[in-house]
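Input: structures, listed below.
Shared between the two complexes below is chain A, which has chain B as its partner in the first and chain C in the second.
Let's look at the complex of A and B:
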């Protein structure tokens, strides 16, 4: 018989709205967590997944309070306990690993102290035993030289290391139940894969139950035994990980899985229409009714219950789940048409180098620069009209830096940026002509920050039109409405302010603003990483449609290899500001020739529990690129000797058309990888 | 770290030199010179010649700047025309008086502001916060000259508890001075404490809503331990710079308050020497005020550097 660690009964959590109404963001949740089990809770932003996890420790975020229901741990309802009683349970019996470890570690306290704090509170160890235990814990989460690490402050650690400290802190109390709130979001792919592997080992060793909250089905697939899918504050699907991810029996889960770009499937994923309902929208029917393809009248008039299926442990909240049994996943995918390579050149990066290092006064006077390990070096790329070229790499790979210097926001130190056939772009944006500025537009990662909150949509879109084309009056208005249509938004959005738009709508406005200038080249800086997957799919589709319609050229920067696979014609892989590999997407993904590309692709998580990531390289963070030799020397699993450290590797071109920069002969590389 | 301190010191020095040049040229470009403006209608003939001779106005400006700054470095700030004494003699007594006033206000006001700020933040939107914050906003909005006048009216004239204005001479002993500073200190503290309290309050509220404080709660850290270990050190860090500015403001002479209470401090000296058209004194005072501001801000920067681990190491790495 399975032992239940925590059971949640009819839990509702909500807040009081300004007009005094009680609005629930978690609605009548009932579920339980068994000992030794890892449960993944997945859902998009606003689905209530984090609120549910926090409730499992008897904690509600500011402004929220439990409306009804119970969270029962060891026959006590956590929601009824006093702060004093909760302090004894929190950190000892139930521990939390937070989303953003960097911000969850107190900045003025040393790592060792923060781990020791848990030990002091929840164990009877004396000072000596505690210091031994700290070393042991830091060792367990595989932090290098634990005794030195304990003396460091949080900001001196890399993101992955901070996350490991948070894990060590949570393990210090030896808890029965670990709650993980998006623990790998914001980490690099390789780091993420390592952290997940560590979590899996801990789960196996300690038999701790885990609740893993994430929007990332790839990560959920790697760690969970059971998956709960949440939508609009309700559980819509609950079942075994393979069952849920392979044949999801709820239309929302089905759509969610379809909207994830996958490495194994080229082309754009299918987008889900619509947006989730607001918490105060109360409908009699199913909360997914508006967006559901299978909906019938019954779905709008009565609410489906979460029902167990007769032949399995799966529970589903849908009247028509049987219709999904035959429906296959990953079917409706738009394929990208290959581009005509005879087009004219739009942009040429001619051996550009960029540095963030400040010049010393002497160097400034002599007008030279003496940075030996320069941030970005020797980038040489030709971009043709109508092409989408992606720059990929982990954080610190220089991909955004390159975008900034193309936009003229960051001066290049060497080389030249040539625009179209013969225009030599000034490195400084202030010296560029109006038409050069118009020709290159930028879309930012976070539309919350890139749209002026005090301007409405009309004002936002009118600015490029006024600036570049001098439009006004009726003509201006007509153009703005045309732009809105282009990004699939109706006229009624004209007078809305950014705060009145959803994340996806905001990004559409940002896209419209870029297209308003009728640019030759659009720079996309992680444009989908702040969005939910279903919205991401829609934005990718929009970008692709606009490109097909207008023949725009994109430079697409992303850390997400699957997204890049879906949208790009050509990929450039960067490590520490140096190009490692460049070639047609299909080839780069098919034959990961460069060792770094191989490592990167190996670490990508697919939403399938049986596709495990390959952890080829050490998970270390390099602060600076090496002075000599190959940029990847520090982490490369295929180093062949002195050569790699001393000489800059040569370019080699494979038969498939991708160029790689490695000392190993391209044929040998392919042989090793197959 | 050491290099960084050196760099800050160097910058401070450059600021002082620049300020001294600006002050000197400022006085220089005024129509007439120190003697003509002081002597006014009598500025002619022998009297003017004697005055110019005494102040050394007959040599070129650059040479005078160099002698002025050289002398200032040695503690000689020049000669007061109205007081007919070396300026350093006049100013040193005034500085002492201002220091007495400032330090009393600092000793009372800053801890009070920090404690009240913490209380209002921890009991945010509860009774203690509403009560204290209302009073704070009230005393912030009333200008000093009004609150000072009301204080004199109530405490000195109606109740007759304390002297209303300071009637001791500027160079009395500190002990004699003490009973006279009570009202000025209250008047200054009201504004100062209210401003700082608001700052401390908003800083701590920000820290209270941070992820790491939530994390500390979820680790099971008891409330007061969390407040002292996780909240206060981080919440009070930004207050250092505000405190520094306040101290500089206090040391530079609280002009309005000093004038209302007739207090013989630096602030009143500024007003007096301006109305006496005593340019050498004005020039010397400007230099001293600049020194105080630079000095106090420098100390605050170094202090922040010392207590904030983030600044300490980030600088080395970059």
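Let's look at the complex of A and C:
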């Protein structure tokens, strides 16, 4: 019998609504965590996964309170303990690693001091022992030269390093249970892979139990032994990681896995219909009934219990899970047909360079550059009509910067932006003509930010229609309703404000606003990264449908390589504002030739516990692009010598049609990989 | 599988009227707002109808009834010229309210516009305008007001714009700060990318989002302006006798306070109650709007 660290029995947590009703966020959760086990809790926003993790250390977010049930740790119910008693447990026996380590570290205290504080609180070491222990802890989380690191301030560390410090602090008290709330969500792909690797090693070395909360099935797959899937505050599936991810026995988990874009599968993932229920909707039946493809009448009238299956440890909350075994995963996928490249040109970026550095007055007079580390340099891309080109890269790769300058919001230092055949676009949006403005539209990452909270949907959509076409009255209204139909929303949304819409609906409105201008080119800036997975698939599908219908061209910026794989015809890989590789996405994903593309693709996490990421390059973060030579010289695992540091690498074109910038012969690069 | 559109939100268009009534209900549902608003409304009603209801002529001098204490015929007594204090108190707020109300509107209009504009364009224009505003803030308002009044006279046509100008400076700062909160958000960038001009951005995108902050600040400024106007009258630069005005009445009666307290108590209570009323309302107004701002999807 395995030792149980914490067991949760019939836990419900909720809040009082304004009209005095008790609304449950978590409903009757029962589960337990064994020693040495890593449990992944996965669910979309609002599913109650963070609330559950916090309850495991006896904490409720403001306004929430436990309605019933208990969290038992060492035969004590954490929910009954006083703050004084909880203090002894928290941090020492149960520790938490927050999502954003940068914000959870005090900015004006040195790293070493902050780790020491935790040690002082939870151990009886004297000063000497503590300083040894600090080095040991920082070493344990694989921070380079720990004694120097201890003297630094948080802002001097990269995001990945800050996360490592947070892990070191959590480990300081030798906890029995480690709670991780989306610890890698804000990190770049390569850094994320390294942090997960570290967590795996720590779990193995220290036999600490971990609870890993995330919306990202890829990350969950890498670290967990067991996975709990949550939906609308309930556990719907609980089982071994391979069982859950390979043959999910709950329709929600099935749909979720299907809606994730995967590197190995080209084409769009299948979207899940509908939205999760609001916490105050009380239905007698299954909470997933509304969105379920297998639902029968019974599902609406009675609630399924979380039942153990006879032949395994898996528990599932569904009447019809046996029907799911026949359904295959990763099958219903819309393939994108490659676009005809003989079409006309829509946009041409001719040797674009952009810098954020200010020019000195002397330089301005002499009309020369003094900035040697230009943010974005030598971008040369030709975009054909009806094509979807993706710009990918980690944070700081200059992909959003390029979009902004195409939109005319950021001036370029060198080069030329040409629109359509022969229109020379002014770098300043104010000098562009009405038709040029109309031709290029932007969709932003976060619809909460990009829609004016004081405008209702009608006002939001009327802005471009009034501006570009001078519509008003009945005609304006008719056009707005047409737009809503185009993004699959009904007329009744007209008078809603953004706060009354769900995330996916908001992004649809943002898409509709961009299409209102009947543009030739739409710039999509991380349009799906603020959305839940199931919603993301639907928005991607919408974008693809609109493109097929209207022949629009997209420039799609994303850090998510799987999403890019799903939607793009062509990919441009950027590192530190320089192009590394550009080519048809099928080829780039099949034969990543440039060392950086290889590293990047290797680090992508797939929702499969047996597909481990390849950690080729060091996870260091470069603040500035290098002055000379190849942009990837600092991290490249294939550096061949002086040449890489001195000379800008030449373009090479492979037989498959992807162009790369590297000193190594492209054939040798491909040979080395296999 | 069913159609899963959520039908929980009513589909009615939310009109301006609905919003105003929503805010008013929020104000009246808290005690401070209830009391404050009642006081302000009472004062406004009195100011409008006082000429019709006052028992005596406000400028009638009668040397036989000088400094009578309050009694049945003269509820608040009489002043040193034998005028009825009750009549003069009821009518004493008329000019003050009129001048400061329109002064506040001017202050909100120019302060709000300049603040939003500076917040939006930034750069050199912002720097220059804000330094000028800072310079004005350094000048004691009372000296500047006295100077204006001495040069241009004490007519309402002078006082309204002068007070409006001096009390708009604070609104500039508030509007600019509120604009800075909004300006970094993507919908402003979206509007710029669409090619909207500055004025369209101010009117359509910024104003609806900073309006609340400006209105609340304007309400606070109103009470200060009222105090300033009464101070001017007190110093003899506001309303000229025999027109009744609280500041003037306090000034006239203050020498006799030790034995004829009634001639100053009434205008003092009237003036302070109005200022307290405005402050309470402004406070409740801010809270009412604050609640509205944090309102998320209906739960």
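The working rule: the second predicted complex is superposed on the first by the 674 of 674 C-alpha atoms of A that agree within 3 Å, B and C clash if a C-alpha of one lies under 4 Å from a C-alpha of the other, contacts with A are read in each partner's own complex, and residues count from 1 in each chain.
Methods note: contacts are C-beta pairs under 8 Å (C-beta built on N, C-alpha and C of every residue); 3 or more make two chains touch, one makes a residue touch a chain.
A quick note: this is a predicted structure, and the numbers were derived from the prediction, not measured.
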Both complexes share chain A, so when I overlay them there, do chain B and chain C fit or clash?
fit
Of the partners chain B and chain C, which touch A:423 in the superposed model: first, second, both, neither?
neither
Who does A:23 touch here: chain B (first), chain C (second), both, or neither?
second
Just chain B (first), just chain C (second), both, or neither: which does A:98 touch?
first
Touching A:437, do we find chain B (first), chain C (second), both, or neither?
second
Just checking: does A:309 make contact with chain B only, chain C only, both, or neither of them? Give me first, second, both or neither.
neither
Using the touch definition from the top, say if A:615 reaches chain B (first), chain C (second), both or neither.
neither
Does chain A have more residues touched by chain B or by chain C?
C
Touching A:497 in the superposition: chain B (first), chain C (second), both, neither?
second
To the nearest 10 degrees, what angle do the lines from the C-alpha centre of chain A to those of chain B and chain C enclose?
30
Tell me, in angstrom, the smallest C-alpha to C-alpha distance between chain B and chain C in the overlaid model?
5
Once the complexes are superposed, what residues of chain A are shared between the chain B interface and the chain C interface?
none
Chain A-facing residues of chain C, complex:
1-2, 4-6, 8-9, 11-14, 185-187, 189-196, 200, 204-205, 208-209, 295-299
Quick one: which bits of chain B touch chain A in the complex? Just the residue numbers, please.
209-223, 229-230, 233-234, 237, 308-310, 313-314, 317
Residues on chain A engaged by chain C in the complex (per definition of touch):
17-18, 23, 273-275, 278-281, 289-293, 295, 407-409, 429-430, 432, 434, 437, 440-442, 444-446, 449-456, 459, 463-464, 467, 490, 492, 494-497, 499-500, 513, 517
Contact footprint of chain B on chain A as seen in their complex
57, 59, 61-62, 83, 86-92, 95-96, 98-100, 103-109, 117-118, 121-122, 153, 155-156, 166, 169, 173, 623
